[in-house]
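What follows is a set of structures for review.
You will see two complexes here that share chain A, one where it goes with chain B and one where it goes with chain C.
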Partner chain A sequence: MTDEKTVKPNAPAQSGEVRREKKRKIRGVKRTAFAMPYLALSVIFVVVPLFIMLYYAFTDLDGGFTLDNFAHFFSRPNIMAVMGKSFLVALLTTVVCFLLAYPLALALSSTALNKKFILVMLFIMPMWINSLLRTYAMKIVLHILSVSNAWTAVTVGLVYDFFPFMLLPLYSALSGMDKSLIEASQDLGASPVKTLFKVKLPLSLPGIVSGVLMVFMPTVSTFAISDILGDTSTYLFGNVIDQWFRNSGGWHIGSAYSFILLALIAVTVVIANKLTKGKKEVGGVL
Partner chain B sequence: MPAPREKFDNIIEIKNVSKVFDGITVVDNVNLAVRRGEFVTLLGPSGCGKTTLLRMIAGFEMPTSGSIFLEKQDVTTMPPHLRPINTVFQKYALFPHLNVFKNIAFGLKLKRIPTGEYDKKGKPIYRKFTKDEIAEKVERVLKLVNLEAYGHRDITGLSGGQQQRIAIARAIVCEPKVLLLDEPLGALDLKMRKEMQLELAAMHKNIGITFIFVTHDQEEALTMSDKIVVMTDGAVQQYGTPKNIYDEPANAFVADFIGESNILSGVMKRDYLVEFCGAEFKCLDHGFGKDERVDLVVRPEDIKLDGKKGTLKGEVVSSVFKGTYYEMEILAAGYEFTVQNTVEFGVGSSVYLSVEPDGIHIMKKLKVVNEFDGVVTSENTVGFCGGEFEFINDKGFEKGDAVRVKIPFDKVELTDDEEDGIIGANVTQTFYKGTYYQVQVYTDNDVDFFIDTVDEWDINDRVGIKIRPEDIEITAAVESSDEHDGLQATEAEGGND
Partner chain C sequence: MKKQVKTALIWSFVIVMLFIMYVPILILIIYSFTDAKALGVWNGFSFELYKNLFTDSEIMGALGNSLILAAVSATLATVLGTAAAVGIYYMKRRKKSASEFVANITMENAEIVTGVAFMMFFLAVNIHYGWAALIIAHTIITVPYVILSVTPKLSQINPNLYEAGLDLGASPVGSMLKVVVPQLIPGMLSGFIMAFTLSLDDFIVSKFINGGVETIPIYLYNALAKRGADPTLRALSSVLFVAVLSVLIALNVVSAKRRKKAVV
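Moving on to the complex of A and B:
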């Protein structure tokens, strides 16, 4: 048997290999071993279920291969309309969140504001409370304010729920920005407004993209908030999938629908990453 | 053609400018006038306030008091984007989201120039630069900094030297009236730095813009500038040409900071004759009092060495070859002289030192007495600097009287153990003065104390301060608000201009 671990001292490539091997180990344990617990968790709860869904999506009730589950979606314009509505609501939520969060992040990151820690806590604290609880509370508040329009209620609820996910990446992008760049812009003759549009906005783009994704992705597939705050008119794609999974025979079609949604989200992420490609600024998460 | 102007008018005038951050005075009552077209360097150790002064000229900081004038116009409160001043930042601050061309064009796109026409109200009409004009200007400035083909490059891929040149190009393309440079060479390696120093100086000659340059590197300052402003503790110590500052330092701080020097303490015997290290030397200075104690500086290259005859006899302690000369440490009369000579004398050999009259520069002793405001706290104690000291009350001061306390530098005693002293302090500076050390300490009560002592103390040592009752001189307080404690208050005038 040949011992592969024998190191010839005059073979530079191999000795380099050994040194690299050493680096990756801490007290005899490979550093990658630290990732094992989570890897196991994600295999059991993410990868395996995905394959189960894959199986359901491509089979019929008797277990035979079929594409009918996907055809089911593409032959029903009303379901496609619900999908469109879901995207629109998600888009609206994202835009509103951005318009609210960007000025706030600007104010929080400015050095003039010393109490920024307290303020951040104030806006992040809602995240300490379970989102379902907050949504039920929101239902009551909206009732007191006599907001009867279901779409308004759902949008307000979504904005309220996902606002911190927009604020945090924007805040970290803006506060991590090199202050001398802003001074350089002013120095070269840009007024504060011009500096915002020519320097701050483009430099915080990675933060904007990750904020947008972190709000858009979960809102497009939401169903709990539209369930609690809306009515039958605010039936979203998440609710459709939810309904299919509620009866035993619907898992095949529900799985197919889930994959269609997953594919669309994946496309959005790819587009978003294209936008920030090559940018090394702070604040990006994906 | 620009409007005809006097050749040497002041483009920038700084009047009584102070800046206080959180109760700490960073810039202390600075007055400065910069002439049009000059290359002026603000030089000083880090934390001396030079960058803050520069940032106030740029408009990023507002003075706590005082005013800044640009071409006779008060710009103290004008925001930076309205000032015809551009800055080259310490770490260049190039926009990473724009390429080289767009970085340089940034300022040009925002600039408005008069068309030469006037509207109905007689106000001049302004226009933007056209695309072609911008392209032409950018190309020209890229040529000036030797980066012609780099317009479409990304900023991130450029070397430090290239980024630095782009930063300069971006600033000068706007044709500012004053160009501010905040330690722009600090991030470069030595060789690149030397090249850029010469390039910058040449560029200054070619474009004729006023440069204000900040650095802590004295050699850089001496090489490049027309005038140097030496600063420490937020105050200007000396303002003059490099030669003037090198040859005629205003005080021991400037002498120590600029170039290698031997700083000694001596006594003026009479005009043109000074005594130090136990010997008398002819000098070129006069006008001091008889037997007045003075500081004096002798540059290492001004000391003549001879094997047989000379004024002082010494022994070579060490010798280092520095390329074109030998730098030797020679112990003579208890002082270790730094001497530069082209001929080496071996370690341990005896040599004679002599100094020509023009090699000795005499400086007035800045101060020999610590002065503080205090309050009499009881029959025989006085409170100042956060401590209570015993004193001999022979003038009948009463409890609560505001008084002026004077303690000569050589009457303050430092103790190793903080507990042995009345107040605690940190050693912040020491100068060897030939026969004794002058130690500067910073008390817990934020006051500078000066001590002349034969003991050697290290910077950052924790010490206690003790004073004998008979050495404390108390006088009634004088009504005066501009009395300051410590060295920095002494107005530093340029040597013998």
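Moving on to the complex of A and C:
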């Protein structure tokens, strides 16, 4: 309450300089204080749970310190193979999404389509539909086409589910690009192919990086899509973690596995940030 | 001439891609009008599945739960997120990047890791799995998206207005509510819509902490993961597809009209 009084214009006369200084300080504190409720809740509900997970990862069932939970991962070739496969599937999904989405983003941002927003919207809209529903729709199609290979089914389903997440950042990057640079490249005699590789691709790098992240990260940790489209042979790393957490005896090993996944994600994010450092992001992500 | 060929090629490519994108959805909707148990079998036209859907109390209950959960958590997330966006926007560099780091954790972390961390935390602090856990978790994971939609609006408003409110005798909270918030409403609204949708959509985090409370995605996952899914799911999925797509189209038409009006 006293704070309030000092900032009122009719507050007792003080030396102007001092008063202004004080006023700014009070206001500075007050305004940033609005972030405190969320930040405090975040610490309680986001940071503390990670430390609890850390505790589980480094203890055994009796609560004693151990490194066995991590050793468990590195001593089992079949689990490492699951991890490897998850990465390969995620990588394959990301590459296929990119190869399909980049030409489409080029087409949608080309003058031929005159940036028809409605078309872009139609491609992006499925993003808002629950991925389980889209997976189910894909399951019916795969069934009609009698695709019997479980890995093919899972990969096709993943590409179908995550395609819009690749397209949107690519489209934002390409449509926000300075057109005069492309004209300059053409005026200087570059072929369309050369313009694509020397001008458009490098300039859309931030979009590519965020598209890759938005597809790769969820695919590497998914378990539902492989549950629905695949069988027991298509276990992904997410399925392994999910299995460990189905009964409380597995929480210690499951926590260690979660940290291994977390570490991989952190490395990916750091690499992505390095790649786009100093380049301004064109357009938002969502 | 050459240009026309190019345009035609681009158009056909785009249309083929659209076709691939929407055909699975169309097929699902078509097969929702037949009551065959097996996938991809046409058993004659019938509304049987829809009749089953609207009389299924489990599905209707899950739908109600989903909507209540989304409304409550999105409201909380909008309040917390708007306040946080304002606070973080005016922070100095060091504090700002620390706060942004905290807000980024749940966005960048794998959802399954967020989910299991919540599960172990709620057990440790004795919060029962179910409604309380779901509301807390959904609020926390959607706040960062509200911050993302409010922050751009903050850079458009005059920072002196808040100070003017204080000079005219308003308390910091009063000045915030009466001067700053009204200008942030468009950003808050899109933040709310995003939080609402994300909450409706989430099942990875919910799956670990729902404690028997069934939401639509949880119901879908449980039904789909079982072999030989219930054919009623086809009707449910079709209804959800059509509902989501019509809401999106309506929102876009409204905003397009508003944009046009603004130009005129």
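By definition in this document, the second predicted complex is superposed on the first by the 234 of 286 C-alpha atoms of A that agree within 3 Å, B and C clash if a C-alpha of one lies under 4 Å from a C-alpha of the other, contacts with A are read in each partner's own complex, and residues count from 1 in each chain.
To be clear about the criterion, a residue touches a chain if its C-beta (ideal position, glycine included) is under 8 Å from a C-beta of that chain, and two chains touch if they have at least 3 such contacts.
Every value quoted in this text rests on a predicted model; they were computed, and no experiment measured them.
Partner contacting the larger number of chain A residues, of chain B and chain C: C. With both structures placed on the common chain, the touch criterion links A:D178 to chain B but leaves chain C unconnected.
Looking at the shared chain after the overlay, A:Y38 reaches chain C, while chain B stays out of its contact range.
Of the two partner chains placed around the shared chain by superposition, chain C is the only one that A:L261 touches, whereas chain B remains out of contact. By the document's definition of touching, of the two partners only chain B reaches A:L203; chain C does not. Look at A:S191: by the touch rule set out above, it reaches chain B but stays clear of chain C. Of the two partner chains, neither chain B nor chain C is touched by A:S148. Applying the stated contact rule after C-alpha superposition, one finds that A:N130 touches chain C and leaves chain B untouched. Residue overlap on chain A between the chain B contacts of one complex and the chain C contacts of the other is empty. Note for the complex: chain B touches chain A at residues 58-60, 79-82, 85-87, 89-91, 93-97, 106-107, 110-111, 156, 170-171, 174. Across the complex, chain A meets chain C through its residues 4, 7-9, 27-28, 30-39, 41-43, 45-50, 52-53, 56, 100, 103-104, 107-108, 110, 112-113, 117, 119, 121-123, 125-126, 128-141, 143-144, 160, 163, 217-218, 220-221, 223-224, 227-228, 238, 241-242, 245, 251, 254-255, 258, 261-262, 265, 269, 284, 286. Here chain C touches chain A in the complex through residues 6-7, 10-11, 13-14, 17-18, 21-25, 27-28, 31, 39-40, 80-81, 83-88, 90-91, 95, 99, 102-103, 105-106, 108-113, 116-121, 124, 136-137, 140, 143, 145, 148, 162-163, 166-169, 171-172, 176, 194, 197, 200-201, 203-204, 208, 216-217, 220-221, 224-225, 229, 233, 237, 240-241, 244-245, 248, 252, 256, going by the rule given at the top.
Only residues 178, 180-181, 183-192, 194-195, 198-199, 202-203, 205, 279-281 of chain A touch chain B when the two sit together in their complex.
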